[in-house]
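What follows is subunit A paired twice: with subunit B in the first complex and subunit C in the second.
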Partner chain A sequence: MKVVVFDLWGDYGHFRRFFTTSSPLTYSFPPPTAVRGIVGAILGLDKDEYLVATADLAVGVRVLAAVKRVRWGQNLIFTKGSGDKFDPTLFRDRKGDQNKTLRTQVKYEYLKAPRFRLYVGGDAVLLDELAALLQEHRTHYTVSLGLSELLADFAYVGTYTARQLPPGTYDLSTVFPAEVLDAEHGLQEALHPGIKLAKERVAIYLAPDRTPLLYQDVVLDMGGRPVRVTVKEPVYQLDSEEVVYLWPPASTRIPASR
Partner chain B sequence: MLRALRVLGVILGGPLVYDPVKADQVVALEFDAQGRYLEAKIYPFNEQDLPRYLYKNAKGSNPPTLTPTLLLNRTSIQKSLKNARNAYRKLRDLNPSLPDLELTNEALWPVMADHIAQVIEGLRKRERVLLTVRIDGQWMGEREDIRQALLAKFREEGRESVALGTCAICGEEKEVSGDISPFKFYTIDKPGYVVGGFDKTLAYKAFPLCYDCRDLIQRGRQHVEANLTFAFAPSIRYLLIPDFIFGAEAVRRDVMDILIEDREQRQQRLHTLSRQEVRRITADEEDILDLLSQERDVMTFHFLFMSRQQSREAIDLYVQDVYPSRLRALLQAKSTVDRILRLPREDGTWREYDFTYTILYRFFSKADPNKRNPDLLRHFYDLVDRTFRVAPVSTRYLIPFLMLQIRHDVVTPDRRDQGLYRWTILDALAALLFVQLTTQKEVLMSDQNPTTLEDFLNSLPALDSDLKKGLFLLGALTERLLRVQSQERGNAPFWKSLKSLKMTETDLKGLLPKVRNKLQEYDRFRGGEDMLFQKASAYFAQSPSPWRMSVDELNFYFALGMGLFPKVAQFIYTKKEEVEA
Partner chain C sequence: MNTLQNRHEILFLYDVSWANPNGDPMDENKPRVDEETGINIVTDVRLKRTVRDTLMELGHEVFLREERTEDGNRKTKEDIMAYYDNDPKKVLERCVDIRLFGGTFAIKGDDQNAFSLTGPVQFKFGTSLHRVKVELIKGTSIMPSAADKRQGTFTEVYVVPYSLLAFYGVANEKAAEATHLTEDDLDAMFKALWVGHKAGTDVITRSKFGHEPRLLVDIVYKPDALTHIGELNKLVAFRSEKADEAIRDISEGVLDLSGLAEKVAKYKDKIEKVRVLVSDRVRVAPAVEAVFAEIPVEPFPWSDET
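Our next item is the complex of A and B:
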C-alpha cells in the first residue's frame, strides 16, 4: 500500500471532545475523522463530499511534540434569540433570555504548539494528487487545527510503501486503538519510566450523513514517543522502517445501505 | 472519563433508581391497596432504607422529585402534598395500573396536612423530614409497578433527539439520544452547541448516548461525588475518577476494593499511613491520594475540577491520565518542602511545616487579598495542571505573585508588627520550592542536614546564584536588625528603609552598610552579624554588575532571607542566648 506522509503544526489546536459543549475540552491529537477533513481541505473537497471521497483511505496519526494544553475563557456571542431561535445578533432587545445577554464566556481548552505527522494510505488516484499538492505546499481550502481560527502549516515528508506486519511486539510510532492490544501482554513492555500513556475515546468513522459509526479508546504517549506494544492485529511498516497503525478504510466499515 | 464512570457504575452493581438523600425522620401517608387514605405515620430515617424510600431528583427544579417522596416543607405542608400529587400523577400516566391514590383528592389535603402536623409535632426545627407514601403497607421502592414506572420515566428525557445509533460509550447499536449527558458541561440549549445545522433533533450525531450507559455513568458519578470528591483549596473541589489504560481484571478489582471500601475502613488505613508519615497533599482530612499513590501504574486518575452555577456545570480544569507514580512524586516533593522549611525553636525542638495546595491558592487566587472574589484562579489552575504534568514554570513568572502577598503583609501595619510577614515569606518559599520540585525534571538538592551556612545556602534550590545568596544573607541580616530594634525600642523604624520591599539594585547596595551601621549603633554587630555581612559582601562582589534582575526578584530573595532568619541563626550563633528575639 502507498502511504503519503506529511507533518501538520500550528500555534494552537482544538479538536473538541464529543461529550463537551459549554466547556469544550480538546483531544490530544486529530481524530481520524479530522484527518479526513484535513485531506479534504487540501484536495478541495466540499464538506459534503470528503467523507465519501476519502472512504477508501487508511489513516494514521503520530504525535510529534509532547502534548501541552492551555485554557482560557473566550467571549462568544450569545446565540439564543427570542423564541429560542438561533440569532447571533448584538441587538440586546432581540436576545432570548431574561438578562438579555449579549455574550457568553466559555472556557476553552487548546493544544499548545501541537505538531502531528499524518499518514494517508491507499491506492486511490487521490493520493498522487495529495502528494503533488503537499510537495508544492498548496491547498484548495486553508488547513486548520480543528477550528477555522487555528491555522495550520504543513510540510510533505514523503511517499512510502507500507508492508503489513503480522501480530507481534513493535515500537508503534502512531496512536492506536486499545482494542488492537494483545489481551495478556499488550502493554507489558510499554510500562517503563518516561512513557505516559493516555486513553481518549474518539469517533473513528462517520457515515456520509455524519452519524458516528464506531467509537474506540485510542492510546497515545503524551510525550509523543513510540510505544512498545504487543498487538493482535496487523500493523504496517513503512520504507522508513517506522511501524505505524493505520485505521482501515472507512468503506470497509460503512454498511452499503449508508 | 465517561467510560471510566460507566465501568465504576457496572462494578457498583448497576444503576440506582433512587438518589441519596439525608433526613432525620420519614413521614409516610398510608394508603390501602385501593388507594384510600388511612393515616400519617412517622418512622426514623435510616440510610439503609434509601432503596425503599425511592427518592429521585427531577432534572429541573419543578417538580422537585420524580416520585412522591420529597423533603417536607414544614411551614407549608399542602405545597409538599401538591408536589407529591404531581409526581405521582406523572408516574401513573406512565403506568395506569398503579392504584388511584386519594392523594389526588385536594379536598383531603387539609386532613392529611393536619395528620402530618400532628406526627411531626415536637420535632426540632432543624430536623429534616422526608414525606413519602406507603401503599398497602409497602414502601414505594418495594413495589415493582412503581419501580417500572420510574424506569420508564427515566427514558423520557431527551426524547427530542432520539434515534437508532451507535452509543458513544458502549459502542452498541441501540436507541440513543443526544440530550441526556450526565454532566451539564454538555448542553445543547444554545443553537450554536448543536453541531451541524443547529437542529436539536440531530444532536444525537454529536454525542449519541444510550439510556443504559447514561444510568450507569450516573451511578458512577454519584459514587465519585459521594466518596471521591476532595477539597483542594478553599472553595475548590475536584472529582477523582479512577481509570485503567488497559483494564486488567485483577488490578481493576484490587483498586475497586479500595475505592468501594466503606469510609470507616478507609479512614483506618489512612490512619496507618499517616503514622508512617506519608502526609496528605491536599487540605482534606479524608483524602485518599496517599492510598491511591501506592497502586500500580496501569491505572490512571482523572482530576475533574468543576464549578457549578445553578444547574450549569463548567470545567475549570481537567487533568487526564495522572499516574499513581506522579502522585507519589507530588507527595515526595511535599515532604521535601516540609523538611526544608521546618524551623528550629529556641528550646531546640522543631516547628514542623505542612505544605498543601491551599498555600499555592493563597498566592494565586487574588491580586488583592482584600478583594471578595478570586480573580487569579486561571493562574492557579494552570499551576496545578503544570505540577501534575511536569510542565516547566519559570521562576520569573511566579515571583511577582509571591511578592504581591509578601508586600501586602509588609505594608499592613498589623500584619507586619505581629511578624505575620515571616510566615507569608515561608509560604512563598514553600510554593516556589514545590513548583520547582514538581515542574522541573531535575532540581539539584544537596545536603539533607547542612552543618554550615554554605551547605545550607547550597541546599536551597531557589538560591542558585551568588547574587541570590547575597540578597538572601542581606535579608537575614536586616531581619536581625529589625528584631533588635523591636526588642530595644518596641518598634522598628528601619522598616522605612526597606521601601515596602520595592528596593532597586542601588537601594540594596546601599542597604548593606546601612544595616551594619545601625547594628553597630545598637552594639549588636558581633561575630554572627559580621559573618553574615562578610559573606553577603563576598557574594555581591562575585556577582556580575549590573545585577540583571527585576525589582520583584531582588526583593523576593531579600525577603526569603528575612523569613528564614531562624534557620540562618542556627549556623551563625553558637550560644543559645544570642538567638534571642
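Our next item is the complex of A and C:
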C-alpha cells in the first residue's frame, strides 16, 4: 500500500471530545475523522463530500511533540433565543432566559504548540493528488487544527510503501487502538520509567450524515515517543523502517448495512 | 461582483500601551498571558469584534452587532428579524461580516437543521512579539457601593504596560464561493482593521485606550496558485536593546522583517502583488521595498484617508 506522509502543526489545536459541548475539552491528537477532514481541506473537498471521498483511505496519526494543554475562558454569544430557539443575536430583548443573558463565558482547553505526523494510505489517484499539493505547499481550503481559527501549517514528508507486518512486538510510532494489543503481553515491554500512556475514547468512523459508527479507546504516549507493544492485529512498516498503525477503510470494519 | 479570485495572506501588527488588549472573563479579566513563555495572547474573536464594530461605524451592514441605544436597537431589530425570518441567504447578501467570517443560522421552525458557513477569512489568536508584564492598577472610584454609604469604592484593573501584537490571517478563495466574499468586502475589512485599532469606538474606552495600528501586510497570490507562505507572524521579530518586559514604545526597537523577506523571495512567482501600510514611528529592517523586491507593492485603496 502507498502511504503519503506529512506534518501538521500550529500554535494551538482543539479536537473536541465528543462528550463535551459546553465545556470544550480537546483530544491529545487529531482523531482519524479529523485527519480525513484535513485531507479533504487540502484536496478542496466540501464539508459534505470529504467523508465519502476519503472513506477508502487508511489513516494514521503520530504525535511529534509532547502533549501540552492550556485552558482559558472565552466570551461567547449566548445563543438561546426566545422559545429556546437557536438565535445568535446580541439584541437583549430577543434572549430567551430570564436574565436576558447576552454572553456566556466558557472555559476552553487547547493543545499548545501541537505537532503531528499524518499518514494517509490507499487509493492511488487521491494520494497522487494529495502528494502533489503537499509537495508544493498548496491547499484548496485553509487547513486548521480542529477549529477554523486555529490555523495550521504543514510540510510534506514523503510517499512510502507500506508492508503489512504480522502480529508481534514492535515500536509503534503512531497512536493505536487499545483493542489491537495482545490481551496478555500487550504493554509488557512498553512500561518503563518516564513513559506516560494515555487512553482516549474517540469516534473512528462517521457515516456520511456524521453519525459515529465506531468508538475505540486510543492509546498514546504523552511525550510523543514510540511505544513498544505486542499486537494481535497486523500493523504496517514503511520503507523508512517506521512501524505504524493505520486505521483501515471504514468498509472493512463496518457492515455495509450501516 | 465576482467572488474573491486570489488567496490573500494577512499580517497585522498593533500595539497596546497601559491597557488591556483582551481580558479572560473567567480569570478576573486579566490580560491573557501564556504562563510558560510570558507571551500575551488576544483571541481571534476580539479582533473580529473590533472589525465588525468598525465596519458598522463605516456604514456597512453587520449581522452580529452590539446593542447600542434603545432607539437604534428597535429599528435594527425589525430589520434583522425581517431577513432572519425570510431567508438566511439575504443575511449573506447584506451583511459583510457573515461573508467575511461565516456564521451559523437556524431556519425558522427547523432547529435541527441550522446551516453553517465557514468564514473564508480566518485569523489565528494574536500573540505578542515579546514577553509582557501584567500590572494591577488600584484606584478609588467616587461612586458609593451602596445607597447609604458616603465613600467611594476601590477599583482594580489589570493592564499591560506595553504589548506589540501580531495577528496572522488567511482569506481563502475557495471558501469565498460559499459566502460570496468579494475583493471590496476584503478591502472594507482591511480598512476596519486599521481604523478600528486607531480610532474605532472599541478602543476609546478606558480599558482599551492606547491601541495603535503599526503594520498591515496583504500578500495577494495569483489566482489558482493554491498556496500561501504560512505563519507570517513567525517571520517577524521585534528587536530591542531593552529587556522584553521593559519595552514601552514602538520606537524602542526595530521590526525585523528579514525572515519574511527570505520566505517572500521563495514565493515571488506565486505572488501577484503586495499591499502594505506602515505607521509613522515604526522602524523596519530591511525596508519594505527590499522585503518585497521584484513584486509590485501598492498602497491600500483607502490608505490616504487614514
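Convention: the second predicted complex is superposed on the first by the 253 of 258 C-alpha atoms of A that agree within 3 Å, B and C clash if a C-alpha of one lies under 4 Å from a C-alpha of the other, contacts with A are read in each partner's own complex, and residues count from 1 in each chain.
Quick note on the criterion: a contact is a pair of C-beta atoms (placed from the backbone, for glycine too) under 8 Å apart; a residue touches a chain by one contact, two chains touch by 3 or more.
Just so you know, these numbers come straight off a predicted model, no measurement behind them.
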- Query: First (subunit B), second (subunit C), both or neither: which does A:A178 touch?
  - Reply: first
Under the stated touch criterion, which partner chain does A:D11 make contact with: subunit B (first), subunit C (second), both, or neither? second
Q) Does subunit B (first) or subunit C (second) touch A:R163, or do both, or does neither? A) neither
- Does subunit B (first) or subunit C (second) touch A:S144, or do both, or does neither? second
Of the two partner chains, subunit B (first) and subunit C (second), which one does A:R69 touch, if any: first, second, both, or neither? first
Quiz item: Looking at the overlay, does A:S23 come into contact with subunit B only (first), subunit C only (second), both, or neither?
Solution: first
- Task: Considering only the touch criterion stated at the top, classify A:D153 as touching first (subunit B), second (subunit C), both, or neither.
- Result: second
_Output check: A:F86 vs subunit B and subunit C. Expected answer is one of first, second, both, neither. What do you get?_
both
Examine A:L133 and indicate which partner it touches, taking first as subunit B and second as subunit C; both and neither are also allowed. second
Dual-contact residues of subunit A (subunit B, subunit C) 68, 70, 72-73, 76, 85-86, 88, 107
Residue set of subunit C touching subunit A in the complex reads 24-27, 32, 34, 36, 41, 43-45, 64-67, 73, 76-77, 80, 102-104, 106, 111, 114, 118-119, 122-125, 127, 168-170, 172, 174-175, 225-228, 230-231
Subunit A residues touching subunit C in their complex are 10-12, 44, 47, 68, 70, 72-77, 85-94, 102, 105, 107, 112, 133, 136-142, 144, 148-151, 153-154
Residue set of subunit A touching subunit B in the complex reads 18-23, 25, 68-73, 76, 78-80, 84-86, 88, 104, 107, 109, 178, 181, 186-187, 191, 193, 196-201, 203, 209-215, 217, 219, 222
As the complex stands, subunit B meets subunit A at residues 1-3, 165-169, 171, 181, 183-193, 196, 198, 204-208, 243, 245-246, 297-298, 300, 312-318, 320-321, 323, 325, 378, 381-382, 385, 389, 391
